[in-house]
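In this document, chain identifiers A, B and C correspond to the written order of the chains, with residue numbering beginning at 1 in each.
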Amino acid sequence: MATKLREAEVAHFSLEGRNPPGPRQALTSLVLNRLIPGGMSVLRRVRPVWKVPGRDLVVVTGFDAVQEVFSRQHDFEVPYEERVELIHFDGFLLALQDTDEYHKMHDGITQLFCPDDTGQVKSIIRDTTADILAGRGRDLDLIQDLVKPVVLAVVEQYYGVPVPEALAQPFFDGNLASSGFVFAGPRITAKQAAIARAAVAEVWPVIDAAMDAARRSPNRATVLGRYYAEGHQEAFPEPSMRSALMTMIGGFLPPATNASGRIMEVLLGRTEAMRFAVDAARADQDTVLLDGLLEALRLDYIIPLLWRRAAHDTCVGEGARRLTAIRKGTTLIVSLQSAMLDGRRVRHPKRFDPYRSPSVRMVYGHQFHYCIGEAIANAVLVDVFKPLLKRAPRRSPAQSRTTWVGDYPWHLWLRLD
Amino acid sequence: MSDSAVEHFDIQAMLRGFGTTWPWAVFLYGTFAAGNPKVNREFLRDVATALGRGTPTCVSELDERGADPDFHNPFNVAFTYPGLSKLGIAPDVRGSFAPEFVQGMRVRAATNSDLGRSAPECWEPWWRDGTVDFWIGVYARSSDEQLGQRETLEDQLQSHGLRAAGWDMPTVCFSDDTEVWIDDPERQPGPQKALEHFGFEDGIGNPPVKGLAPAGPAGTGAGGKRDKAGQWQPIAAGEFLYGHLDEIGEIPPGPPPGIAANGTYMVLRKLSQDVDTFRAYLLEWAEHHETSADALAEKLVGRQRNGQPLVADPPLGDRNDFVYAGDDQGKICPLGSHVRRANPRDTLNFGTLLVDRHRILRRGIPYGTLVPREKKQADVNKMADANDGGDPYPGQGLLFIALNIDIRRQFEFIQSQWVNQGNDLNQGSDRDPIVGGHRPGHLVHNRIVLVTDAEQGVAVCPDIPAFVETRGGDYFFLPGVRAYQSILEGHLSRG
Amino acid sequence: MEVTVRRFPTESQPLTNIAPVKRGMSWVSWALLRAMRSISKLEMARQLEFIHFARWQRVRWRDLPHLGPAQPREHFKNDFFLFATNYNGDWDQYIDSFARVPRIERGMWWLWRFSRGYPGPLPIRTFKDWIRYHTYAERFYYSAYPRSTVRNIAAALAVKHELDRFVDESFPTETTAEFKARYLRMVRQLAPCLGSAPGVRPTTAPRTSPEEPPTPAGAVTVGRTPAPTRARLLGPRWSTAPLVGPVLGRLAGQGHNSQSYLTAMSPIEVKPAHAVTDAIIDFIDELNRGRGFESFAKCPMLHMARILIIDDLRPALGVAGAGSLKSNYLLFIADVDGSVDDFLDALYTADPELVDRLWGSCLGYPSDRGSPVFLRRYIERCRLRTHLPFAAFPRETAREVRGALELHANLLEWIAWVPMQKKKMTDAQLKSAWEDWVNRFVLGGAEHR
């Protein structure tokens, strides 16, 4: 009886558990992957900046307008403070406004997770991928068998946050869920809050444990180890480091998973895209391969909607022919996903064209809150996909449909050569 | 315009050219007295008298009397811009001359690629310091006559209190017994041929000028321009003489007719030739490309040593009567060869239309002794030096003279666009292998890429050294005879 | 006659000519331009072989941008004809050729005949005077291949295509004899193109002795995959090596290029004020001292660009009271691959300060600067349509051109090296040396991880 209680007490957070396959998930996928993008595509053709009548809400779907909103961070603030407070995640970089606090955090992160480390990151990814591919035979679940272990390996071996094997899945799920919560929109329900708290409870303890261990005996091969060994605590206190780690984990695991799955979906769905990617991989043309993968991501972006809030009375459309006035406090739904498909700016937007100007692929954001982990993300893409593509992946005949959990591709079975 | 419109009696004989009938010459580069135009004019008058001539020799005089054994000392006179000032020519008249002439060749060294060892700092002192106001060229039939003429001129200078800035004593080199072939005896030009110092017959490639055809059987106009029917036509007189229609159908603007009519600009450049280096380079690279040094030399020059064009097979009667049609890749006559660069004929698109306005009349004469094949320059020059009693600047080369109405459009254009650049001839930035300037620090050393029929189809001659260097020169104005008279009579002066 | 046209230290030179056109007849000019665009594609210009890019635009006085109430509207009694070209060689020869070649002379006559005061291409002197009178001086000029001419590029592209074909046709089981025959055929085929040295240095490392084969120094611009695994997608080949900067390094766009012509006329300030104009002129001096070349070089899609300050548009000779500009203008002309928007984004990313200091203080420029979208919107409002464009190589991107030029220089160096070894090299050695060379210079090898 006591054991059972203990087991119940220690029942871990499971994203899949909360979103089992079924009609509800099917509806979620339908809304997220079809209805919302479909609606956005109509809007962006008709009214790229649409003031929803009767509500303090503006929907921004056009490329130019999206860029404008993102670049005017003083006028259009990120509205995540309430949500991050709920999950005790003060100092989350993406939730900070353009303030000193932001810049300190930003500088701290770029100093600790520095560009020179890219080589180390890449070799971790390559080795992990090689081991997995060698050990798996012909069938492979892209997400659970490959991407998940790889990103966890980076978190452990590069960040210096080891995740005990028993806690790996909950940690992973908890990350995805808590990130999803932060970006989920202006209104918070009690249920959402409860889920988020449960999710984040899988993450903080792991980080805290890692920091404890590193404080005692730092491993210089990791970021956290170097943090302690080189005495960065004074300039960048531990609470900041804690937030930084959470930022770099929470901003890494979910998008990496989401993006990998969606990119593979695009490749599997378009013969020419897959052939391009396979050829680039086989020829070891990393830069070109990355272009192709990011192009695939543009076609099927990870998040349909992002949010901003007008900090004062202002307008959208500066320098354009049409100006839309916006009142202070208005919520803006900004669709990067829609923007990257905007035919006004993107030629043949539905076409897979890896040679496009990189400036239309805003997959890592635009201007102020541009992804701070771009280098790591690119490393995952190239060094996971390249060896995978060399084996000409196609859908597994046994399981030919991707399983979705929430917004995330969860199981994507491949058959390799 | 009919021939009679070009007045042969008013045009100085340089336009006809003295040729091989007058193989010796004395070139006096003189400095006028400053602030005393009268003395300068008197000097010029007295020189003419001392030489037994009334005025500078004109074309008709040379044509009619050139063969007459009693006709001696034909001479021509030309002035630089400072020379015109010192003759008292009024400033507004002077200012109406072409800007290139006003500036002088020294200032325009960059345009002509006179850089490095060809830069004005390295020129003979009178050219380097810009002290030359006038040129008097007297032509002789023998070296005794030549020496006599020099004495006459020296006397005149002394008696008028003027100085010579410098002298040249050029002489036509005849092939005769001197062997100039390098490794193929068959390539020796015939006897009695006028050679330049690399051993090639020279003076062939000149355009016929409308209205200035030589007396005698009518020329074919070969070497001029090609009309729409593909026939040769002479080049319009206005390309070489003020006051006449040019190739585009206009009378080029210039100074007032009183001074400009029938005058022209004379570009004089003293070019020294490094025969030793030329031969050594050819021997080295001919071996690489498994051909003879003489054959390679002909490729670089663009004519055979006997003056026949490379595209001519069988040999031509008129060695100027050829076009490059059929050789547009330059397999026979390389696109980068000297002769093809200097006059591309129909190599560019649209027949000769893009070439016609860039022609010059070449009236140069070599200086120095021919170097026989088995000797080096230093040996030959030491001997010559011992005989002549010391020319401080020994050597061999060419006193290059070009006559044209628009220095910028004609001489300088060829020099900067076709000789020291190769783009129009698909040579990129490669320069003329024979006379191309070699700028220090330029992109690559000069080279030529020859298209051949050999196995590899292409032969590259890299790192071509400078075979020719500029020793000096300037831009002169060669007035018409009547204009010359006006100058001497002070009509266009203020003083 | 001395021509006072500024010569830039590049092989190609700009010429910008804005001539007045009788207002009533400018629609005919427009129609003629459109007709020539569809019909002739300006073959004549191609045959002259010294024009890189050229454009003709009919600009109605109403088309001059009006960006807000602060800017007084311009009013002219005539429209304008803008002619902008990039040519090689001598200005006089360039203009001469217009008049000398009969068919071009006719074309010129038709194009400009409705310009006020146009004297016709002959007599040449008055034609040149007229051109000079309506020519406006460029203050800055950029070329993506400054040492190369149209002929250089033509030769380089011929070399590139032939080399690509040769590599495509290579197969592993080829015998030495077969290889040698194919190799010699290729070299002979390319021989006439090799003389046109492209004006770029070969990208080889210094060698200690002439016996050493040429090896690349640093990154190779052109690369491609080995033939058997090459993808045939939207473009048959792609470039691989990264260009400057992590974000911009990846534009290739081979095989499906379409070029765009940007003409942006931006009002700077209302006359007689001159402070902003002076500041811009000072900045342009800074661009000329090197910054401009660095920043524009980071836009891989840019072929050529020029900047002019126009403080007035000259009326026809002899015509008074036709009108005069009320503001100073900054005229920016660029020839780019792909879309103008892509170029503007790239320029902004490469040097946002350049954008700010050129256009930032101009009338009507948005106060927000934090994103290229504001530049794009602004330039869109300043754009003048190009009616008749000409490109010597319309299908090749700037990057392909540069790659081809480098390849050409490298190939020539290889060919010059081979005879040095000929006596000591067997056919098998030649084949292996060639394959080595191809791997290094053509395929670029595997990218650095």
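Keep in mind that, in the parts below, contacts are C-beta pairs under 8 Å (C-beta built on N, C-alpha and C of every residue); 3 or more make two chains touch, one makes a residue touch a chain.
Because the structure is predicted, anything quoted here is derived from the model rather than measured.
Novice: How would one label the connectivity among the chains shown: line, ring, star, complete, or other?
Specialist: line
Novice: Which chain has its C-alpha centre farthest away from the C-alpha centre of subunit A?
Specialist: The most remote chain is B.
Novice: Using mean Cα positions, find the chain sitting nearest the overall protein centre.
Specialist: That would be C.
Novice: Averaging over Cα atoms per chain, report the distance between subunit A and subunit B in Å.
Specialist: Computed from C-alpha means, the inter-chain centre distance equals 77 Å.
Novice: With centres defined as the mean C-alpha position, give me the subunit B-subunit C separation in Å.
Specialist: 39
Novice: Which residues of subunit C touch subunit B once you look at their complex with the stated criterion?
Specialist: Within the complex, subunit C touches subunit B at residues 1-2, 11, 47-50, 88-90, 92-93, 96-97, 99-101, 122-125, 147, 149, 151-152, 155, 184, 187-199, 201, 412, 415-416, 418-420.
Novice: Going by the contact rule at the top, pick out the subunit A residues touching subunit C in the complex.
Specialist: Against subunit C, the touching part of subunit A is residues 63-64, 67-68, 70-73, 119, 122, 272, 275-276, 279-280, 282-288, 290-291, 318-320, 345, 347, 351-355, 357-360, 366-368.
Novice: If we count contacts the way the header does, which residues on subunit C are in touch with subunit A in the complex?
Specialist: 225-226, 229-231, 233-235, 238, 240-242, 247-254, 256, 301, 338-339, 341-342, 345-346, 349, 365-368, 370-374, 376-378, 381, 446-447, 449
Novice: Can you list the residues on subunit B that touch subunit C in the complex?
Specialist: Within the complex, subunit B touches subunit C at residues 98-100, 248-250, 253, 288-289, 329-330, 335-336, 349-350, 353-354, 356-358, 408-409, 413, 416-417, 422-430, 443-444, 447-449, 451-452, 455-460, 462.
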